[in-house]
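Take this structure, written in structure tokens, and hold onto it; I'll ask about it next.
For reference, chains read A, B, C and D in written order, and residue numbers begin at 1 within each chain.
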Amino acid sequence: MTTTSATDPALDVEGLCVDLSTASGTVRAVDGVSFSVRRGRTLALLGESGCGKSMTALSVVGLLDPAAEVTGGAVRVRGEDTLRLSAAERRKLAGPVLSIVFQDALTALNPVQPVGRQIGEPFRIHRGLSRREAREKAIELMTRVGIPEPRQRAKSYPHQFSGGMRQRLLIAMAVALDPDVLIADEPTTALDVTVQAQIMRLLRDLQDERDMAVVLITHDLAVVAQRADDVAVMYAGTVVEQGTVREVFSAPRHPYTRGLLDSVPEDAERGQPLPAVPGSPPELSAVPSGCVFQARCPLVRERCVSERPVLRATGDARSAACHFSEELARD
Amino acid sequence: MTTEELPAADGREDSPQTAPARKGPPRWWLLLGRDRPAAVAAVVLSLVVLVALFGRLFIGDHAQRQNLDASLRAPSLGDGFYGLLGTDVLGRSVLARLIDAAATTLSVAVPAVLCSLVIGSAIGLWAGYHGGRRESVAMRVADIILSFPSLLIAVVVLYVFSPSALNIVLILAVARIPVYLRTSRAEAAELRSRLFVDAARTFGTPSRHIIQRHILPIALPTLLTVATLDFCFVMLTESSLSFLGIGIQPPDVSWGLMVAQGRQYLQTAWWITVLPGLAIVLTTVSATVLAAWARIATDPAQRWRLTLPRKRRGASAAVPPEMIP
Amino acid sequence: MIIFLRKRILSSAVPLVCVVLGVFFLARMTGNPVDLYLPLSATAEQRAEFSAAQGFDLSVPAQLWNYLVDAAHLDFGTSLRTGQSATEMVLDAFPVTLQLAGVTMLLAISGAVLIGSLAAYRPNSLMDRVASLLSMTAASIPDFWFAVMGVLVFGVSLDLLPTSGTLGGPEVWVLPVATLLIRPFGVLVQVVRGSMVAALSAPYVKIARAKGATPRRVIFGHALRNAVTPVLTVAGDLTVGLVNGAVIVETIFGWPGIGKLMIDSILQRDFAVLQAAVLMTAVTIFALNILVDVCHALTDPRVRQAVPA
Amino acid sequence: MKFSVSSTPPTGRRRYRATTATLLAGTVLLASGCAVAGSAAGDAGRADGRTLRVVLTQEPPTLEPCEASLTGTGVVVRSNITEPLVERDPDSGELHPLLATGWKQRDDRTWTFDMREGVTFQNGEPFTAEDAAFSIDRAVNSDLACNVEGYVFGDEDLKVTAESDTRLTVTTEQPDPILPLRLSFVEIVPRTTNADAKVRIPVGTGPYAVASWQPGAAINLSRYDDYWGDAPDFPRARYVWRSDASVRAAMIDKGEAEIAVALDPVEAEKDTTVAFPNNETTALRLDGREAPLDDIRVRRAVDLAVDRDGIIDALLGGLAEPAGQLVPPGVVGHNEEIEPTPQNVKEATALIDEAEADGVPVDRQITLVARNGMFAGVSETAEALQYQMQKIGLNVKVRMADTATQLQYQLRPLPEDVGPIALLIMHGNQAGDAAFTTSQYLLSDGPQSTFGTEELDRRIADAGALSGDQRQKAFADLLVDQNRSVVQYAHLAHMSGLLGLSPSIRYEPNSATGDEMRLAEVSPAKAGQH
């Protein structure tokens, strides 16, 4: 399933399935996830912890932990399915085509290497630059992401930077080779609110400048609202609703999306408890056979127990996986 | 808009173990069953412990009973239970002696390791937590013990005081204290600046409690791993002391002493020295395997490794396959 | 760094004196060596004469005072056994042990890093299992047993190596070093493997792979240096063990090292030599500890920064 | 469509395996390459047929000749580097002239010795009576505290004068019928030797001179070409040392040494080893001052409890002879009549029961003290003795000690408050006369004796003043008396040494080999080889 667009998407994920081994057996952590994103656009993968959004991201860049295994689907960039490439071919794509930013920049930076060397590394790997040239490139990038006194700071080590600065360094490293697709896995979660905004702005600027496709993984509705063009809402390893942010947020077609939006404080009255989606997501080992959301859904009916809804178009460029999305549309 | 966290979001999610962890840790014996080497190790180790605890009740005085006419009989099925593993030079049953020695060996190794573990970690954690002068004093004490020739202490204790298993335990324990001291100091020094310790401190928690409740539990797995490696070391050192004639003294018998005494018969009667050597190797390897397993099994961030199905574990890795050159 | 070094060296002085004093008193607890050096039939008068000549008739504090005064002039006394100066004997023996320990640790560390990294690369793979099992077994074999087996198998049966001794080409090193090697190697393989597994699953390794780094670059450029801290600590401890305790190997293979000198002088109550030997090894061990700390600082910038504080 | 990305691309896998294989192969090659490169000559040097390589148990502490009664020193020095005036034939016990051509007793206290002419020291100087006088003075009368002084001369000083170049007079303070035997322990050095300090490397008149001493590694000797006697067969000799008996044995098997001393009895069956009685006798010394050992019945019971044949066969490789006295065969005073006590558990138990009935505390714990390394299999022997003593109803604990600790038990002043002690001793009578044994071990206040009787003391004193056959008979009789009325010793065995000999040489060890190994007596197996 792809978005209807004239230009080819920079990243096209189709029917991705990931199995996860646990003590109690193998469970399906990602079940048939599909999405795509074009250059210059931002797709947000939105969901609660454990819904499979990070695992989706890691399988796209090929960094899954060994306990997890991709069992089906395709991840296409530049017309090739990366899942079928050899290790060496895949390495050629890592950096110039696909790139990723993690949440925790302290652990994502090598603590025993000067940051300049780490940022310059992609140039050494893919462009074969000398150490000195790579260093110059790194300093350029550091300047670009707003590190003061980059020439001196290039010699410093990660622990000598603040959290926000480290995140900038990580981003600098990720965009070094102008990738087609940048995956940002909760890039601002660990930061102060003010710093969050700066980082999001930096990401936006870099995206505009370099015409990247960005996949933004987050559980933060505000970030999605401000930052993303499209959104894919994930629940229990599946995409339950997809579409442009404007359409989905203004008129959700899935009860889960609606529940999420209702729980935002802005919409609640002062002094009243926040309305929350009751219950918690199912265990991956106990995902019901029918609709994955049935246990928490206010609209649940018999059909939901027996039949799993598929993602189907609910509008021009949007879709939802609910038997009763039309009902929601009428509300 | 300030905080728009998802209602059920309880933290970040990126590692695959989050989901199963929520259900509570799987039963340890289930995990053990899945790791065959660890299971075998556990069986071997419990067997050794059982033999050490109760073996002497069954063998009577067979470990001491000499028969100079039956000297150096090879292992055979024809000489009854006690002849299964042959006899030593004094005609004593090697099997009975192995059983007898198991008790002595463990009663030296286990208390020695425990003593040094407890004393060393206590001082180390205290020193590391407080830092400053207390830390450097403790470290210099460790240096002193490390650079002190334990052989000298062994000789003094053995020949000046009466030689006994207890004294060997003391020597070995003292000699190994620095290892724990240094390890636990390092852990405590790192942990003392962590947020949860600061928090506890601001609430006025006495430092003893902070060390006990916040630092010890985190340092413990590392210390236990060191202790297992040390268990092996202590058994071997005891054996080396026997080689030099300053270890366990006859008529007490330990595996190390059996290996040391039997080595001159290596060519003529291999069973006297090879079998106790094998007992040492089996026990220590089992302990190490089990410790490695326990370390993973008790660490929520590592436990998933044990849950991989067998066939996949062989093929997959912490580094995914595309990383293999 | 220099401040740190100076501080460390200064703070080692007191413990060093403690070691020397401890050895002095402990040695004297083992009794008067007179009996060992006079024939069994010596008369009481001869014994008294000998005691007086060696200063053993003085009170222990008086003996200590004499010792310290002499030591201050770098005179560590004369061996009862050989009549040579203790300093000379220790300086003869020490290089032997140092060379043995050095070669052993060099091989152990490089071998363990290689094997341990390969094993950590694919945890639970066949390679890993074999390496782990072998290293654990190696670490639990009694060394004298291994040595005697080595002599019989490689020295006599296969006739590949000399049985023992120090004179000859590099081949005389093989058995002693192999015997010394097994345990440090076994332990280090496990330590390297453990810390490499941890390092290889760290986020920065993922990031490095996301940059398209080759496995070699990932292992040697990123993971290894992070994994090196525990390896250094353990290697330091093991080296200390070798400096102090190559006794077995030196005894069996007839290498005149410090371990053999020490055990001989303990058994022969040759106090001057014992004290000099302990002083020498203690100084070495202190230096080694400082060296390990310096290595820590060199490999880990976080430690380096913490040092002046 | 499903497929697994975790199945490794085949190429990657194969390459990985190849890497491992290459590494493994490389390691093996490297190791074997190192091994083959020099193949295996060892310390003792390559077998060249011209160097006699001897492996000892320990490095000689010194080569000082006046310390030659220390086994470690004497085995290298005596009769190889230096020589005495008189030598004792280890087999017959007779004295033969060496640097002295003859001697005469002038009166009770005065002896004269005639010096051999034409003898030179290894430094080229001629040997004269002056040198002999100097050497005796230096060893016996000086402040050097030489081992030989305490060993054979006690407090006694000797008056030595060189009357001419070839005649020496020695005067003793007391009448001394065995002075020539005592002088056989004094090695002769040139008068230029340092008289105030011990030397590490001596000069002597022997067939070999010290060429070099590599500390810790080897001592090299080379043939002294102007030796006055027959030239030895091997132009060079080299001593190395290994403390582990199995390594020494391996060096013989491997051809790294021609002679190895003190092998374990386990090796006795090999045809590269030869056993020889070494004049050492083992026994349990029972401390008769402490209950229950103060009761002669208990001591006799212990003697009856010991299974000498069992211990010798199982633990000593069958190399020793059961003993019934401390004085070994071949030594003046040895009694041919004395039979070793046969084991008789029944009689022993009966004696213990009898003693117990009379109120002797037979269940008091006896400590059996033995020294590690005293002989091969000592700790097993101690365990066997303990077991055999326990079987007759005694309460025995073993305590293994090192040399220094054991000496505290062995020598007067004996330790106090340690309870009844059964000490395993090994007595070597190097000198060949029972007087050296009895004055030490049997006198009631002997330095190595715990108790005795006045009667025995008197007989020892009487025997010491006799000479010839009377001396022999007096000592032989008093040994019977100790076994009958004192029973301080439960004798175990007259021991044997085991020497490893390469098939390429011929050497006949004798009872003195352990203390004095004459390299000049070693010859190549095939005539004309060198």
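Brief remarks follow.
The definition used in the following text is that contacts are C-beta pairs under 8 Å (C-beta built on N, C-alpha and C of every residue); 3 or more make two chains touch, one makes a residue touch a chain.
Nothing here was measured: the structure is a model prediction, and the numbers come from that model.
Counting C-beta pairs in contact across C-D and across A-C gives the higher total for C-D. Chain centres defined as mean CA positions place C nearest to the mean of all protein CA atoms. Work out the mean CA point of chain A and of chain B, and you get 45 Å between them. With centres taken as mean Cα positions, chain D sits 85 Å from chain A.
Averaging Cα coordinates per chain places chain C and chain D 35 Å apart.
The distance from the centre of chain A to the centre of chain C, with each centre set as the mean of the Cα atoms, comes to 53 Å. Residues of chain D in contact with at least two other chains: 5-6, 9, 12, 246, 402, 404-405. Shown for chain B are the residues that touch two or more other chains, namely 155, 159, 263, 266-267, 305, 308, 312, 315-325. Annotation for chain C: residues touching 2 or more other chains are 30-31, 148, 152, 201, 209, 214, 251, 267. On the chain B side of its complex with chain C, the touching residues are 37, 136, 140-141, 143-144, 146-153, 155-156, 159-160, 179, 182-183, 186, 229, 232, 235-236, 239-240, 243-244, 256, 259-260, 263, 266-267, 273, 277, 280-281, 283-285, 288-289, 292, 305, 308, 313-315, 317-319, 323-325. Contact residues of chain D toward chain B in the complex are 5-9, 12-13, 15-16, 19, 245-246, 264, 266, 307, 310-311, 313-315, 372-373, 376-377, 379-380, 382-384, 386-387, 398-402, 404-405. For chain B in complex with chain D, the touching residues are 64, 66, 68-69, 71-72, 89-91, 155, 159, 162-163, 245-246, 249-251, 261, 263-268, 312, 315-316, 320-322, 324-325. Those residues of chain A whose C-beta lies close enough to touch chain C in the complex are 61-63, 65, 91-96, 98-100, 102, 104, 107-113, 121-122, 125-126, 157, 159-160, 170, 173-174, 176. On the side of chain D, the complex with chain C involves touching residues 20, 23, 31-32, 34-45, 59, 61-62, 64, 69, 145, 147, 149-151, 154-155, 198, 200, 214-218, 240-244, 246-247, 250-251, 253-254, 256, 402-405, 407-408, 410-411, 436, 439-440, 447-448.
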